[in-house]
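Written out below as structure tokens is the structure these notes cover.
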Amino acid sequence: MAKTFRVGLIGHRFMGRAHSNAWRQAPKFFHLKANVELHTICGRDTAATQSARAQLGWQHATTDWREIVESPLIDIVDICAPPYLHAEMAIAAAKNGKHILCEKVFALNVKEAEAMLAAAQKAKVVHMVCHNYRRTPAIALAKKMISEGALGRIFHFRARYAQDRLADVEFPLDWRLQKETSGSGVHSDINSHIIDLGRYLVGEFKEVCGLLNTFVPERPRAESLAKGQKKMGKVTVPDSAIFMGRMDGGVLANLEATRYAPGRKNHIEIEINGSKGSLYFDFEDMNMLKFYNADDPKDRQGFREINVTARDGVHPYVSNWWPPGHGLGYEHTFVHAIADFVNACAEGKSVQPTFEDGLKNQLVLAAVEESSQKGKWVKL
Amino acid sequence: MAKTFRVGLIGHRFMGRAHSNAWRQAPKFFHLKANVELHTICGRDTAATQSARAQLGWQHATTDWREIVESPLIDIVDICAPPYLHAEMAIAAAKNGKHILCEKVFALNVKEAEAMLAAAQKAKVVHMVCHNYRRTPAIALAKKMISEGALGRIFHFRARYAQDRLADVEFPLDWRLQKETSGSGVHSDINSHIIDLGRYLVGEFKEVCGLLNTFVPERPRAESLAKGQKKMGKVTVPDSAIFMGRMDGGVLANLEATRYAPGRKNHIEIEINGSKGSLYFDFEDMNMLKFYNADDPKDRQGFREINVTARDGVHPYVSNWWPPGHGLGYEHTFVHAIADFVNACAEGKSVQPTFEDGLKNQLVLAAVEESSQKGKWVKL
Amino acid sequence: MAKTFRVGLIGHRFMGRAHSNAWRQAPKFFHLKANVELHTICGRDTAATQSARAQLGWQHATTDWREIVESPLIDIVDICAPPYLHAEMAIAAAKNGKHILCEKVFALNVKEAEAMLAAAQKAKVVHMVCHNYRRTPAIALAKKMISEGALGRIFHFRARYAQDRLADVEFPLDWRLQKETSGSGVHSDINSHIIDLGRYLVGEFKEVCGLLNTFVPERPRAESLAKGQKKMGKVTVPDSAIFMGRMDGGVLANLEATRYAPGRKNHIEIEINGSKGSLYFDFEDMNMLKFYNADDPKDRQGFREINVTARDGVHPYVSNWWPPGHGLGYEHTFVHAIADFVNACAEGKSVQPTFEDGLKNQLVLAAVEESSQKGKWVKL
Amino acid sequence: MAKTFRVGLIGHRFMGRAHSNAWRQAPKFFHLKANVELHTICGRDTAATQSARAQLGWQHATTDWREIVESPLIDIVDICAPPYLHAEMAIAAAKNGKHILCEKVFALNVKEAEAMLAAAQKAKVVHMVCHNYRRTPAIALAKKMISEGALGRIFHFRARYAQDRLADVEFPLDWRLQKETSGSGVHSDINSHIIDLGRYLVGEFKEVCGLLNTFVPERPRAESLAKGQKKMGKVTVPDSAIFMGRMDGGVLANLEATRYAPGRKNHIEIEINGSKGSLYFDFEDMNMLKFYNADDPKDRQGFREINVTARDGVHPYVSNWWPPGHGLGYEHTFVHAIADFVNACAEGKSVQPTFEDGLKNQLVLAAVEESSQKGKWVKL
């Protein structure tokens, strides 16, 4: 008889909704090695949390996250709170022996990240950072292909995470634009995703040189806008970021994160070039992976657009869903992450990306910040 | 206090899974005007149906579809059985006063379709054919734009539904390739989808001229393959189909359905040209709609690739899901259909596409068949 | 010492300019087996022809085309006059022993085409129809790949030639819209191109069923517009055309020609599907050929976008131009045609497409016309 | 009566062929304000130069470039020799009062560039650097749109020039890979092109931080390969380069040049993001420009693919060629450059990009080199 994990989820907004969906869907589409119960959801506002409980499919609701991390009824803690709360929550959860799934950005700084990793390791719980994009089928396929040597020696890792909402200078100041709550703005918020993909697909960053920038230093406060006023507040984090780097094996890295690219909605664009071929991915066309194989016959070489929806185990994850060409969406990446996480918890095994990955990501973020402040290269 | 509808689902394979998911998800992502209960699922094989019940989230299971259509506990009957059973089931459901959602292909022939419509109308139940692609956000946006006059006078409706699985001559003979169970093969199976989209977006077909074809007349029987043998059986339906037509207002139609197009996985491609612009859609990139606006300034005219994921009611359905650029997948089209269907049931209103649409579709299918047999044009 | 061919060109507008350029460029980029001299250009208007002579690089000008076909100084006659003059000119040129390059549409009807072919054969001159698109490098590569069996058994030939200028109902009535001068309008004008490509790449048409249509039956006369008036004239030819067909080996054909597709500028789109793969081409991205190879490893199958600009003989024609990725344009197709034609003349060999191809094309055009009139299939 | 310019061309390989073609074609397709005569071509090898003379359409040939710059018969000197010869040739040409068109990379270093500019200014000749890509119609349209304010305040200039020939480690050591002859390898060779486009489209670089890299430090010498041996030689220049920068108005720049990107043949990719929209260009699809207009109605915003081939002056340069959709190729960029250059010479006016642009480009190249050596930012 399979074990049952009772889950406590902290957070009920964007990530809380995406995780709730994944907790509901994973058992429906994957033969998990354990059952899951959506036990308790936690939020700050009583009414909103109760409403979320009903809408998102949880049995209980609370406004005190400590109830979740301390309850003997809970086996897994899923942290979807804003980043500045991650460390405290994760450490408490670890101390209470809970398996932990923690949203990114992992922590506010390296010190927090180290403490979180140490706590999880000491407690011997299963720990995972929710870098969901790793489990986009096309990315998982890219990982497999690179591991099999399809690209040969890798030369370039080039990535850009571009959105457009800040191009409107009237877009309000929210928690993502303030240092206390967000860490380092667009840098920690979305650069962290492509740093993770670089580490996953290619290897570690050895040295970096970065440019953190704020295009619009003041924006109307959200609260004041809600009152029909327009009080300005300071943007205290970068709203755009570029960095170059050298990775394992001499790979050149070029990463950029911005929310000032009109028309780019969730444009996570990656290109990897190696001696035997290239890969290209754009999340806005997430079911496709482009592959150039330099070993194809000379007269018929070209980027192949692989529709990553082949069944029978041919492509990662997709056999659990629909026939070829019946594409998946954004939320599926979370379902895959949670399916793998539950299986790891059931078997007591490690599952990537772990809190160690969270820490390594934080080290890259910090090195880029230091580099930007000092105007020179920083080694990792 | 909202009403609760108890649902009975007949079928648990591909469509049964897609509908089950939609019944579960619709209330989580849409504020429906009624509650739904996944009451009973029906299949032919006891063990498989029980397993489906657990996996897909239903309370009860049965192997007798009459239990579902006759049970006083059931309010809505959702028919996902093979087409040759639709008529009998739908008519029985109507007689028992159930609201009916019926998968396409609607019926085996016009006579059946007429009887189904008559039964539903007489019973005054809500009836809908599940042409799910209508509720792809990009298609719903196309409908809105055309209704607003964005294309002006329409000249061309051009569509192709292409897949590739039959290009392998060893692909086994299944129920879709036999007349008794499928109706008219690829013609009724997938041409019916683009006929529906043509009727939805542009208007009625007035006359047609078609070519139904069978590339591979014999294929190994699935049962014999399962036994390691290779007994051949006759393909008794078209496995490819083309037709031309004239639609309302003199629009020229060109439709093609095939499963012999290597690389095309679920390629529902539509182009509509009018005096003021053009629209282009390909389901393999389902979150995008291309629009050419002949009224743009002359030096900057071009097909726009609209990422149909804008919030705040800007694009149909998507506000209920994720932020811009975080695309949807195949299954969402069913969630939208079921959300609209439930709301219609709650209000006792009609919801497109009705059984009348099912009948009209069947009339087009039949006219193309007649045309192909006679080698000449047939009026509708 | 290489022979020198003196060329006489009849026509100096669009095609005259394109051919003049090709006559000048061919010897600069290809090592031809004969020299060419741009001897005489012919037009109806003295001043315009003189001006064209200077601008386009010809030694002499005349307004009497008979001078060209009869002059003992001329070796090659290149016919770029409107279609209704082709037969008379080509027959006269043949009788005078000139090699003949004739623009398409080859003739006004089958009878003319037969007479042209007979005259050329009797005179034993080299004869070629200028279906320039055959020598787009991507099309020439497609031909080579199909010949090598890259697609296996072919199932579908699907083509569309779409432009948009007639979508404007004020576009004036010109010679292309009148029966006496154009033959059968958009059908002969541009359908003939994709018929030619179908015959070249796939095989002969065995039976066809067509729909010729005129969306806008009256348009302002060009002459009256020039005078600031707006006298209407009748459009006496089809301005849009669709036909289905069966080709050699049971290939299904679907061809469409229209000038009512806003945003489609010179959209010659071709898809060919076979048991082993598919090819896709769009002239608006003319340096690319897409190829799907069903024999690729299962997890990395996809349409490859072949940039058809590889050197060292890898891709047809392009080694004579620039390095990879430095694409060619429209006019290069004519340079390639004329280079091949000159070499054929030098060696007294046949060069495709011959007048026999012109005749076969005309037979398909006529069969589609007959089919459209009678509303039924016509065999070839 | 129009003036006639006699042209002397130094160089007959890749660039010599491209320029020769442009000198021949410009008067055929553009109504120039002066006539041109292809007077003398110069190369180092007598036989090869004579052969080039005949093939490329020049009247005379010489192996002594001084003959060209000193001859009283020559009005315009067109320098297509390797970069290390540019300064000496250009200065001599200026001293002799010739108008000068100089290929890029303009010079080996800033000092040379300064001397070249000073000489040209002192001589009051017309001087132009042949950054041909400026006159790709799509780029010229981008310039016009930006000037008209279509993008609003500009945030990002992002460019990449990627090719793939060096990904093969056996590709031989040629003059482009040696410091004495090439300047700084891929940095000066192709980064200079996108630096130029950045300066043209967006503005000046104010500070830069760069990473110059050599992936493969030794390659077989071309001469030794020709003898069937494989003697290795040192690559003494960067074969890949990335740099970040700040431009006028706080625009963030991200530029990358590499020949290690399999599948990228001549991939000059540019994206510019501003408060009102974005532009995207890729030279491998050179007739297209993508434009996102943030002012479009909310439900129909998307990147438009502008086919930059509209006539009647709508799009730059293309009215002189073919109808819409009949695209241009690589060589046309040179025809446009030479047409504009000849007109400037005829009127004694300045024509962009001048030698001053050449110098400014060189300053950026040098600043990036210095930055890479020092590992920190360098101001301009």
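Here the chain labels run A, B, C and D in written order, and each chain numbers its own residues starting at 1.
Please note the rule applied: contacts are C-beta pairs under 8 Å (C-beta built on N, C-alpha and C of every residue); 3 or more make two chains touch, one makes a residue touch a chain.
Everything numeric in this text was worked out from a predicted model, so none of it was measured.
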Shared interface numbering between chain D and chain C [over half = same, under half = different]: same
For chain A placed onto chain C, the superposition rotation in degrees, Cα atoms, nearest 5: 180
Euclidean distance of C-alpha centroids - chain A vs chain C, Å: 54
CA centroid of chain C to CA centroid of chain D, Å: 35
Distance between the centres, which are taken as Cα means, of chain C and chain B, whole angstrom: 41
Multi-chain contact sites of chain C, meaning residues that touch two or more partners: 264, 288, 301-303, 307
Interface residues, chain A side, partner chain C - complex: 141, 144-145, 150, 288-291, 293, 296, 298-307, 310, 314-315
Of all residues in chain B, those that touch chain C in their complex: 155-156, 158, 160, 162, 164, 167-169, 209, 211, 213, 215, 240, 242-244, 246, 250, 252, 254, 256, 258, 260-264, 271, 273-278, 292, 294, 301-303, 375-377
List of chain B residues in touch with chain A within their complex: 14, 18, 21, 24, 28, 55-57, 163, 165, 264-267, 283-288, 307, 309, 321-332
